[in-house]
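Take this structure, written in structure tokens, and hold onto it; I'll ask about it next.
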Amino acid sequence: MAEFVMPQLGADMSAGKLIQWRKKVGDRVERGDIIADVETDKADIEVEVFSTGTIEKILIQPGEKVPVGTVMALIREEGKPAAAEVPAVPREVAAPTTPVAPVQAPPMPAAAVAPPRVAEALRIHISPVARKLAADLGIDPATITGTGPGGRITLEDVQQAAQAQAAKPAPAPEMDRAARMRQAIGAAMARSKREIPHYYLSTTIDMGRPLAWLTQENLKRSVEDRLVYGVLLVKAVALALRQFPDLNGFWVGGKPTPKPDIHVGVAISLRGGGLVAPAIHDTDRLSLGELMKSFRDLIQRARAGSLRSSELSDPTITVTSLGEQGVEAVFGVIYPPQVALVGFGKIVERPWASEGQITARPILTATLSGDHRVTDGHRGGLFLAAVERLLQEPSLL
Amino acid sequence: MTRDEIRSGILRALTQVAPEVDPASIKPNLRLRDQLDIDSMDLLNFVIGVHKEFKIDIPEADYPQLATLDGIIDYIAKAQAQK
Amino acid sequence: MTKMTYREAVRAAMRKALREDPRVFLMGEDVGRYGGAFAVSHGLLAEFGPERIRDAPLSESAFFGAGIGAALGGMRPIVEIMTINFSMLAMDQILNNAATLRHMSGGQLNVPLVCRVATGGGRQMAAQHSHSLEGWYAHIPGIKVLTPATVPDAYGMVLAALREPDPVFIFEHATLYPLEGEVDESAETFDITRAAVMRPGNNVSLITYGGTLGKAMEAAVRLASDGVDAEVIDLRTLRPLDTQTIVNSVAKTHRAVIVDEAWRTGSFSAEISAQIVENVFDDLDAPVARVCSAEAPMPYAKHLEAATLPQVDQIVAAAQELVPRHG
Amino acid sequence: MTASDTSARPLVDREHSLFLLREMLRIRRFEEKAAEMYSLQKIHGFLHLYIGEEATGVGAMQVFTQQDNIVATYREHGQALARGIPARVLMAEMFGKATGCSHGHGGSMHFFDVSRRFYGGYAIVGGGLPVAVGLALADKMQNRKAITGCYFGDGAVAEGEFHESLNLAALWKLPVVFLCENNLYAMGTALERYQAQTDISRKASAYGLPSSAVDGMDILAVEAAAKQATDYVRGGNGPYLLESRTYRFRAHSMADPDLYRTKEEIESWKKRDPIVLFERKLRELGLLADSDLGRIESGIAAEIEDAVQFAEASPEESIEDLLKDVGGQVAR
């Protein structure tokens, strides 16, 4: 039994639509006869049969579109002809040349390419060879000030850092993770104290309204979505920074560099010692639920020790909350190259006078450590006031 | 569910939050927060773990009943009995 | 060793080949009676006659294609295309026949053809006579591309190319013809696979080819007086490219400046830069710098042409930008 | 030189005539099988069939010796078969197999066979002409008596390479027979719509070389005209342009909807099918019996079937050899 298939009618045809049969079951056909019409992208094509015999079965009805090679009819062949008759020439068939979608030519690169807007906070800019040497020597690039263009750390910077370090007694060769982290934090804190003229401000905030709102809010939420008050504090700081961008950014290459995006780093103390402050990206744009989710995820993994360093993108400002450790006011050390640090103490029931009445209110002490090269107390104070105002409207957070 | 089964379920949730803790060393009648380094976030993650483990809801108001291991076991046993 | 100019070195090599191998013949516009547009083939017609020094009509596609046919027929043609600007007219024969026939024929045919082409700007010939398109040729599999920048290479590369079984394109920068140098005419073997370190150095690698080698060497001297020790690499061959010499140098100096007379976008310098990053990324202390022609049709006016072409000052500035400032 | 003098046709010899008929039928059946294989997705890409032009390919090929060079175009199946390249290796090449005449690298448009001095199909219209001139230049410079036959279509006369090549060959008196197969269409554009002067043979006079035109559907006339052309060139007189006026019964390629020609025009030309015309003439001269035709047809059918099975069974070149035949590599 010979098969009459949907033919390949051109270089890039993949399927064809049967328009009509010119023969029916039982009809005799000769090699070269036109027995069907097929529609392709380009034109309607008369399709010939390559075998001689009688049509046994029709499998495809007019109107059906089938891939090339699909069996459309079966032909009971007469005995192989001794001498191949002069077959009529199969009608030439058009290949639908489906034009390849024109690839959008990439626009010619502008002459000077503006530095790409780095979504995440400032990564440490360091040349590949400098990074390799720093890794080999066990020096944390964060502890080195880059002298290359745009503050990039160069090979020479690392070499000098290595010499400076060689002058100090070499640390015990086999340092475990916590000790190495201790050393890195130590170096950063020392540099901060050396370079950053800190000023400190504190204020007291009545947490009554936000806590009441929080209790109501949590009743409506399932266990997994439940909020902790720390989330309100972080969101308030983030929203306040929109009005005080000078507190959100870095001191780089001898000048303040405010950052358009707000990535609040939350200081988390690790089990067994050590501290990390991973940033929550675009903190100001997250809803409280989203903030809580990433907050909880970051903290759980950090405290369980499974937070990889690669996830530690650098924040544009850091918030530290030691209330649970029983501390009332925190006057922290700014993490270079940031220019501010916000601290929150514990919430304490205190006698509170308002409109001549004394009542007991849950009071929280909020502090700001500021880099006096970038901002002065006046700006810091206004910022803390903004944080307090935001906390009094928790539903807007 | 027996008290022991409840106990092991609770410890499973606890080690999720504090992997370095040795379950055997926890004293059942002492405040957990005094025996372990647990902050408010750890507590919330622990409560969520218990909620998943035993499929019971724990309103914030009941947190005080969860101060000690025995307290938690009693709380869960009571909750399961009501279900 | 014999003292001679770049053009005399090319002529001497062709004369030696014509004398020693009857299959060798020269074909091109005005290579015979006129003596060559750049006087390279001056005197060859008198010695070898019109059969072997053939002045061709202004039909680049036909006479280059005829060169291919003659090579298929057992000859060893040297086809001179007067300048790279006119080679556009023969590009179909170059790309679709010369470079392709060996592979397309399943290895049955090869085209032992040498094609010499003058290239580059800098002589106020304006836009249609000043192109630097060697990178286009270096993009084509099936051929070799040589860029002799010195008098010894001008001599040796012709002879080495005539021994190759596949087409070889030799691009002679037009400003180099009067360059003076020394040639060992007794030499028998010539390497055309390796780049050459023309000046060893440790702080930055200046990588270039052809007409801009002189500027790179001058830049290296000025950098030395400023305490920057520059290494200068003459690529000599663009295809196949001697990547090993390039990456060895950059691994040592950690900084690279590529000097290329072509327009920056899509130029051969882009290929070299890509290969550096692919091979020695971890040894880079700064991004690979490129000094190329401004992206404009070559202007006629002297000061405008000078502003378009890569110059020594730009090479020096690019290098200093990469090397950390001392003190 | 005017149109060839048809009266000087050679005495018709039976054995030679049957050979000519068989060669034309061989090409016809091979092309029909190629079309069938294409519709079954065994052959891909471009396929340009020679059906209708067999007389030119076969007729002219009779006058070239094994020492002569042949250059063709992408519509080359007829010339390749007439030149003696086995149907097997041509079919295998179109199947993309390693046993193909170009090891699967060239396909239908790029057949090569150095042993038969078949220097290939060229897919750039006019691209082969300069190469043919070069082959003739090499023969002349090495005092070889060979000549070069260069087939091309009417479309090529619009390319600069046609004019440059004819001039260069005439200028240097090179032994080239420029053989223009004028099938009246450059793909979808009729001759009178792309050439001011449509009598192609007259274009040779602009470059000082003799030319003639012949009825491409009369194989004996083509053979005679080709003989005249090659005799002129073998005499060292320089190149010659022979225009064979023929017609293709199929579209330009398998991808061509053939919208630019009328059915009537095609049917009228089919009445002058070179195979049908020659068969009728031989029967009139009593040189062809039905048994001859039957014997010829079955021989061809067997050869074609064998070619398909050979192509089907042939191996493909291994990917590792992808770069093997690329020129210009360091280690040669």
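Labels for the chains are A, B, C and D, by order of writing; each one numbers its residues from 1.
Note that a residue touches a chain if its C-beta (ideal position, glycine included) is under 8 Å from a C-beta of that chain, and two chains touch if they have at least 3 such contacts.
These figures come from a predicted structure and were not determined experimentally.
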Going by CA means, which chain is nearest the middle of everything shown? C
State, to the nearest whole Å, the distance from the C-alpha centre of chain B to the C-alpha centre of chain C. 79
Taking each chain's centre as the mean position of its Cα atoms, how many Å separate chain C from chain D? 41
Distance between chain A and chain B based on Cα centroids, please, to the nearest Å. 35
Using mean CA coordinates as chain centres, what's the gap between chain A and chain C in Å? 47
Which word fits how the chains touch one another: line, ring, star, complete or other? other
Each pair of chains that touches is included here, namely A-B, A-C, A-D, C-D
Within their complex, state which residues of chain D touch chain A. 29, 32, 35-36, 38-41, 44-46, 51, 249-251, 254-259, 294, 297-298, 300-301
In the complex, chain B residues that touch chain A: 16-20, 37, 39-42, 44-45, 47-48, 51, 57-60
For the complex, give me every residue of chain A touching chain C. 108-109, 127-130, 132, 147-149, 154-156
Would you tell me which residues of chain A are touching chain B in their complex? 215, 218-219, 223-224, 226, 228, 230, 271-272, 295-296, 299-300, 303-305, 324
Considering only the defined contacts, which chain A positions touch chain D in the complex? 5, 7-11, 42-43, 50, 68-69, 82-84, 87, 89-90, 92-95, 97
